[in-house]
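These notes concern the structure reproduced below.
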């Protein structure tokens, strides 16, 4: 099959899976997950095929796979949509296919497939466990299967469709469609356990917050279309089009057209990738099931925000003012989120803030023009962060085992202070989590995170962005620190609770994805080793830089090698890890934790501030102004008049045309028909038709007269 | 008569011969299912032949008929709509105890009339085609006799149809009087020669009467009043076939005649069409709000959609947008055909056999409220019905949106922004009654009794899928409609 | 005033007078006979216009078939053929108004035509309209298609009529 054809079909299997599950197989759990995983597998297979073929193309950047079709006629021309896989697309497709496929498999185990139905599980709430009686008459409590198992896979399928659509799009419109589908799925999946008020609120918060960004993004797209008449990447990124965009002036902040469009699109990313100041939704989104956190809120959807900026880089990089804003927001977010992560005790929340921080890293890299480094970190991060989330899900799952065993439901299976010593109970989870954590910290040489992070620092250093360099270095230190804190509290030492003592390794469906992702978390870094790196440089060619860099019209220079950023990144990574271990190896409870500083613990009070600044006033306006004044008084007033008028018209027509016929003849269903039939029918019936004719004729004459006087 | 003459109308010929043969064969067939199958086979064959003709352009029989993109587009649409007409009727006729072989032959005859209409390049043929497609429909509307509402529908349709034919034939007579010819190319030549003088007025009045006559056929306001009664009383499969086929054929005639022969009357007739379209959209949608019976609601909806298609007409005289006007009207016809067949199929699925069949009781008293609980009882059917309602409203992700988009764009490009605004506003009004069906299906408790018949299920399932899928991939249809927008004579 | 004109006036009087009688006669049978008279008058007018074929058709079809069918229908369907109720409906003023309007419009239109009031030129000799008509009806370049369509159309109408009239015994 032609590669372009395969690309067209990549998003389809998950979509089909969604419809099949929703419409037909939702009663059958095994069939549902079979369809979903099969669909994800098909897309994965297609993606790999495309990826391998892309590797085989000479000068792939110039000869990308692209196929367009005419979609909607717009006057003389057509609005075209199409698919495009260029080097950047291929690289992104690779990690998207792997992470999505792995997370689909993981979900089977996570939702306890094969376990009995819960004793009193309800739809919309997490399963509480089931009581089984074994051969000896002993009663056990075991995990129970998720009540809405099929629905979960259906949503995952829809989400995967959105993500694949976004990646293969060659234009902003379908990219935005995929983007919004993911937003919807994110909402549905965060609120998957809608029986919990916290999940409901988190879902709404996530939806509303990202919506703010999306509105700006849509504005940017509209502006771009009105300025250029096209939304196709390859048509926008031509010399003359970019020049034209750069030469438009706008009244806002003195930005050029390109700058303003870039900024508007970037605000969309700020929402989607949870950058400051729209970061507040992501930690709350951890209310969703863990596979969701791993897939949507770590590996794919939030990465899509960064991907969009990378995609639009040729446009955004035209205006230095926009670039400064991007760099500032990225660097600030990287540091700011890292400080919060240090003080969180929930295993998933630490990772959530870590995700925000790492996404900030990428954004900052883009802001200083480090295109390839950002893409590189995007991919390595997707692998190790998905790994960490899945690992944390595995840990929680193991802890839930312990909780079910002891029956003490007051123990929070997500609080790291309830854990400890899990390395012996859950060895696979421990080792893979360790790999993921080290990759996140940038543990030198062997982990992928080191290479990508190092490249960003090297770029910042080489181009003299000192503020960014220092901020990111501090953030990297904090990253290593909180990662080691997490590993120490969770896996090292001795179990701190009875539940942790009874934790259990999870089934293979959950550990297999961990192992696969751990593999990439290590090896993916090796494809991007800088050429002049001491000892290792040049052993393996810097394939990633060549490959992804060729996406741009001008091949970006690799940053010249310097020892300082290398030393810095070694120091912060190893130092952070060491201190993290040193401080937390003997901490037994939150009270002993010196870093539970209120301002960090409470996330710099952003939620409270937003509540005060936006939510409360919004409620006030909604209640007092919009509801009582606008709606009740003004709009309702108008609506009532219109509605009354419409109803009046409708009824008038009905009475005038219908009632005489229907009620006298057919009796509006039943009724008077019998009465009217026989004797009256013949006459009334012919009478009615005459009546129709007369009305038509009279109106016709009136029209003719009007026509004569008005127009002739 | 050369073989090429016959070849150019081969699909039509095959269909007519097939229908005549079916009349005879049916006499020996005990199982009417075989008749249905044979009729469907004939229609499929016809559609295939018509498809094979795509791209050809010629006239035949001394300019009486034309074969061009327009004709071959519609000649595929009509047999397909006939096929669906058989698919929805097969189980229904059995259920209602009116399974007779004549249904299928009459349906074939009517389809043949519609196809002739698509070919017609002479007003005489237009008139004959009009009668040819209408007469079988009159009988079909009364097919459920001795049920009174069905008989009444047939009689009403017949009387109003005859009334409309009178207008058409009067118009044709005046046009002939003014130009001395009935062939479309001859009319154009006569107009271009500029020798009409005061006969120009005669021509305009003739054209206006022609418009009025077909206004009845396509159910444009104020010539629409028969529609709810007839749609309501006729057996539902017939209604579906009528709503799609007869309307499409009426528009085919209007498009062909106005776009090829009357562009010169643009200035005189555009305001007329404008008012007609605006009135039709407005009245159709507003009155539909007050309906509680689903068939009457859909009837008013079909009136409103005639208004939308009429919108395309205001551009008929503008050479820049003429091709787009035809293409968008054809595209919208396909949209409406798919969606409305689906909606009618859903209605048929809910219609019960009337306990008092034969006693003259009205059987089609299906209320919108009878859809309550369908979302639980038949999720797939309810989902499909939702798709149809969304498509009729013109909401994504359905073909209705694409069709309306194309239509409104054409109208705006033709410079009639206000008409487009009226179109959008009335679509907004229509959301009220379409979505009410959705609300009733999903949010009201109820236990509707539905019928599961393979062909009926096939119809709504295919229509729903096509409505959604084509909305994402409409290019092929666009390209085809655009090719059909260029007419020979 | 030529003979033809006198003949036309007589015929016109016959047609209009009979037409009025058609709608006013209380006895349906009488109305049918008056209708025959009116149709016959029209046939004569065709003959005056040298449209011999049309005149013949008028007699054969309208008088020979349609009017006779009316009479049969009357006799078969009703025992009492006299109409006992009011002859005129409630809407008669509207009908009269409309009729007059249409009449006025048509008259104005016809009078506006060039050549109204001129004597029509005589038809060229040697032209046989009936033969020409016959040829046109079967010539592939003329009206063979409409002719054939009409026949199929009538066939389908026939089938429909039979279906509607033939009640299955239950």
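Every chain is named by a letter (A, B and C) in the order it is written, and numbering of its residues begins at 1.
Keep in mind that, in the parts below, a contact is a pair of C-beta atoms (placed from the backbone, for glycine too) under 8 Å apart; a residue touches a chain by one contact, two chains touch by 3 or more.
If you're wondering where the values come from, they're calculated on a predicted model, not measured in any experiment.
By number of C-beta pairs in contact, A-B leads over the other of A-B and B-C. Averaging the CA coordinates per chain and comparing them to the mean over all protein CA atoms picks out B as nearest.
Chain geometry summary: the mean Cα position of subunit A and that of subunit C are 77 Å apart.
The distance from the centre of subunit A to the centre of subunit B, with each centre set as the mean of the Cα atoms, comes to 45 Å. Rounded to a whole number, the gap between the C-alpha centres of subunit B and subunit C is 33 angstrom.
Here subunit C touches subunit B in the complex through residues 109, 112-114, 139-146, 149-150, 152-153, 155-157, 159-161, 163-164, 167, 170, going by the rule given at the top. Of all the residues in subunit C, the ones that touch subunit A in their complex are 91, 94, 98, 101.
Touching subunit C in their complex are the following residues of subunit A: 690, 694, 697-698, 701. Against subunit C, the residues of subunit B that register as touching in their complex are 1-2, 5, 16, 19-20, 23, 61-62, 64-65, 100, 102, 105-106, 109-110, 112-113, 116, 122, 124-125, 128-129, 131-132, 135-136, 138-139, 142-143, 145-146, 154, 197-199, 201-202, 205, 358.
Within the complex formed with subunit B, the subunit A residues making contact are 23-24, 69-75, 78, 646-647, 649-651, 653-654, 657-658, 661, 665-670, 673-674, 677, 681, 685-686, 688-689, 692-693, 695-696, 699-700, 703, 707, 711.
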